[in-house]
């Protein structure tokens, strides 16, 4: 029996060990992919293990390992991080299965590098999820940024290089230029960087300083894609589909909004912010992003681009929810992180599936494709419905909590934003489903469904989207614990 | 004013040598002349150290009957070292100039840089491809 | 080179005296003006003088460049060894007192003489080496 | 003269300060006499490997027992030359000697490739003299002695650079010689003025006597001479023009060694004057020297990084980056606070690690390809995987990614900026590290994402183990001290204390 601290450390380091194994066996694709899957499964089991301990009230903790006096790497398990880790490790398995199908199906080069970087990204995600202070979080945040750069640049053509440059520069610029100063400043003000329920800044900073800090944090967390720093998401669309899934569903943007929620809840403190109004502007910024991104999404013809802008708007839902600053809205934010993860990964898998089987990327080419690829397009429909926020899918839960908290907190702006954007969501998702199933097929292309691994993955996530609605227990539990109820 | 000048004339000579040497270093493109300037510049330091060490009426710093006032020996020792350093620098500099003359066929700086070997900057014709 | 008998004869006569004067300067170095620096330069001057009069190659036959290049580090070597010996004897680096078993006064004298020998060798050979390097440049050896 | 010395026998610990300088000098003499490259290398290796032991023992002694004073030749200070070791210079001694020890095994192959057989022994002689000079500057407690060592190391450096691959090295060496000599002379003028005003050259004695000097104006003039002179050696912007050429055209081994040590030592001396000698007498900020330093550091950080972005020659790019990194160090110094000084000193060692590793990688590329032009590096990431992996990791460190030494430095600097009430500087620090992303990113992109050309295909492969292991050691150091900075940071803090504590120590 491993002791608790060892368990946590082992879990975080596991993907890194896996990456090492993949590097060693890079010559043998089967062994390499076997290692990927094994690592992913063990990781999930470990995370579930940790979840059990958390529920039993014995949250594991590792560290602090002091880098410098006052600067320590420290891991601890708390509910929100637990949720994030659960989502990421579950989706990694599915994504791995999908990747194997996709990479082999499209005969991509540099597959070993792909799998290694993927595993390192998961290492980053685990670190972010279990970080107990801002420094640790930042450390793994940057690990994630750097590990995903080779993935985005995977195709190594001019377009991919350009997209990857933009991706890297924007994320690093924001994180180093804004987030890091904010962290240092926080540390200078509060003397600590630990995530503490209720926040650490109360009494240490004036409302004005807090507002400035808030701006630094929110725009510094570039991964949360708050406008106007959302450009990296569409730019990163040059990457292969599994990578897009990683960016949009499993890891990157989730890490962004996760960090946002974490900072608002554990650094500023919901009550503190609600009292002094330092976070009021965030409501407007997030609302603006939700609406504008949705409007842009409507105008995109490229399927992945449309999904990308949809992600931008959905992310701001989470920020919006957090900015409402009530415990219930925070629960909504947490639930939406989970819901968006499963739904968006379904949508991306579907897009990739279409690309693999039919080599189509534009929405205008999809007429009648639903009858040729029924499984794919059904899954797509499920994902789309979830994004719009209709039952019986996971998206409904998050939106419900957000709406009810907005109403009860008298934040009518938020209410209007949510209602309007739901309409817009419908406007950009329904036409796709309509085309796929109800329009006459084009003459071009004689293709069937995508390879089997892809279909397995896609069905799993679509089912997950529905299941999360029917059995939200785990996610709900964790979200409630986060706000301390 | 004049008195100040006269009592401290050694310093003014030092300053003059110093500026003259530095000027030659900056203004001349001929590598040998530059070295001459450096040598002049260094000489000014010798004067700076030695002139205050001499005490009017003092003897060389050797113990002898009947003399109580000595020149300060330390600066002389220091400057002996500095002169050696200067000689070494000059020798090395001249050796470099000889080698440069053999390699380039000239010892004028502007001609050497005009050879287009991108000494100053490899990116004289900036190729921006691959910039991030 | 022109055969200039008078100069050559006088040179041959002068050279021993130059070297002797160098040693005079050297061995007076520890208590009166003089020492290895000056002596070294005088010796080097003697060599250069010889080269000016009889040509570079005869001089280099007399004092081959490889010997000169060996002498340069040798002088420093003597200097360092004296320092290390004093360290071995329990003093600080270049603390000459223990060089004489009973009288520190003589110890100082011995130490300085040996140090100056090192300086002399290095200075003389460096000067000659610089002269060789510049004078021999661009000719076939 | 010391009287108790006669009866004492040879005491190794007591003699260490002298050995630190004497051993390299002895080594250089031996290498000059043996004339055989291989034997000379072995001698240089033996000396270089013994140096860290001496330095570490000294550091330990200092941290445990306090300042060590060693009277050269038994002449007691302030009359004689004093070697005075406190935590500050012991720290720098350890850095310099460690880098020397790591570089030597690496040197064998690159020196074989860069330098003709008959000149190799001379090259090692120059290296050892340079090492001797650098260690001497650090260990001495005498202003003029520091000048002499400065010139020893500089002359050796000029000679090393001139042995570079092609004729451009000669011009680079010449330019450095002119600039370096002017700098050293300016320094010695400053020291001369100080001597005229106070009648002493001993650092500790200077501190005391400066307070009794009534006319402060010449003293300030001396400070400005010393500042400008040393800034030339430090390559503080805008006095850095000699550095890029010197680093780019010198033999690889010299580049690695100089980039990690030479400028650091000059910085040490500058800090010694600012904090230890003038510190108690003149408020740094009162005469706006601090402000000037801030401005120059910022200019260095931005302009040099920016210039680095447009370089085609990778070694020049890294050289410009060095100028920028020196800006970080001087920025830390300019705060005038203990935290800032600690940050500067931490960056001193950190930068030595990462630049050493980076230049080792470019040296390896030079060895295999004979060029470090950016375009010739296409696809090299697949052909020299370990070298480029090391380059990437060290590059990340240069950028200052958390978990690397670069981040630790930046953290200190940022904290110091906040403590000094100049929070805006934090943004400047971070912004300039983003420029590092650009230039390092360019190289990495070319190396990994472009297809190799046929030259690369044929010749590029990882260098021999003797070169990879030193590189690996430095890269590991970049990360180890990024995750566990206890050792470097705490020592740097003690060193910073020592700089401040010089005042009043003179009487002891």
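Which chain is which? They are A, B, C and D, in the order written, and residues in each are numbered from 1.
Operating definition for what follows: a residue touches a chain if its C-beta (ideal position, glycine included) is under 8 Å from a C-beta of that chain, and two chains touch if they have at least 3 such contacts.
Just so we're clear, the structure is a prediction, and the values are computed from it rather than from any experiment.
**Student:** List every chain that touches both subunit C and subunit D.
**Tutor:** B
**Student:** If you tally contacting C-beta pairs for every chain pair, which pair wins?
**Tutor:** Top-ranked chain pair by contacting C-beta pairs: B-D.
**Student:** What whole-Å value do you get for the distance between subunit A and subunit C if each is reduced to the mean of its CA atoms?
**Tutor:** 79
**Student:** Cα centroid separation between subunit A and subunit B, in whole Å?
**Tutor:** Centre separation, subunit A to subunit B: 65 Å.
**Student:** What is the distance, in whole Å, between the centres of subunit A and subunit D, each centre taken as the mean of its C-alpha atoms?
**Tutor:** 45
**Student:** Could you put a whole-Å number on the gap between the CA centroids of subunit B and subunit D?
**Tutor:** Spacing between the chain centres: roughly 25 Å.
**Student:** Find every residue in subunit B that makes contact with two or more other chains and list them.
**Tutor:** In subunit B, the residues touching two or more other chains are 132.
**Student:** Multi-chain contacts only, two chains or more: what residues does subunit D have there?
**Tutor:** Where subunit D meets two or more other chains at a single residue, that happens at 437-438, 441, 445, 450.
**Student:** In their shared complex, at which residues does subunit B touch subunit C?
**Tutor:** Against subunit C, the touching part of subunit B is residues 60, 62, 80, 84, 91, 94-95, 98, 102.
**Student:** Could you pull out which subunit B residues touch subunit D in their complex?
**Tutor:** Going through subunit B, the ones touching subunit D are 18, 22, 25, 31, 34-35, 38, 41-42, 44-45, 48-49, 52, 75, 78, 81-82, 85, 88-89, 92-93, 96-97, 99-100, 103-104, 112, 117, 119-123, 126-127, 130-132.
**Student:** How about subunit C: which of its residues touch subunit D in the complex?
**Tutor:** 69-70, 72-74, 76-77, 80, 83-84, 87-98, 104
**Student:** Which residues of subunit D touch subunit C in the complex?
**Tutor:** 1-2, 5-11, 15, 18, 22, 25-26, 28-30, 32-33, 70-74, 125
**Student:** Quick one: which bits of subunit D touch subunit B in the complex? Just the residue numbers, please.
**Tutor:** 144, 147-148, 151, 155, 158-159, 162, 167-168, 170-174, 177-178, 181-182, 185, 188-189, 192-193, 195-196, 245, 309-313, 316, 373-375, 437-439, 441-442, 445-446, 450
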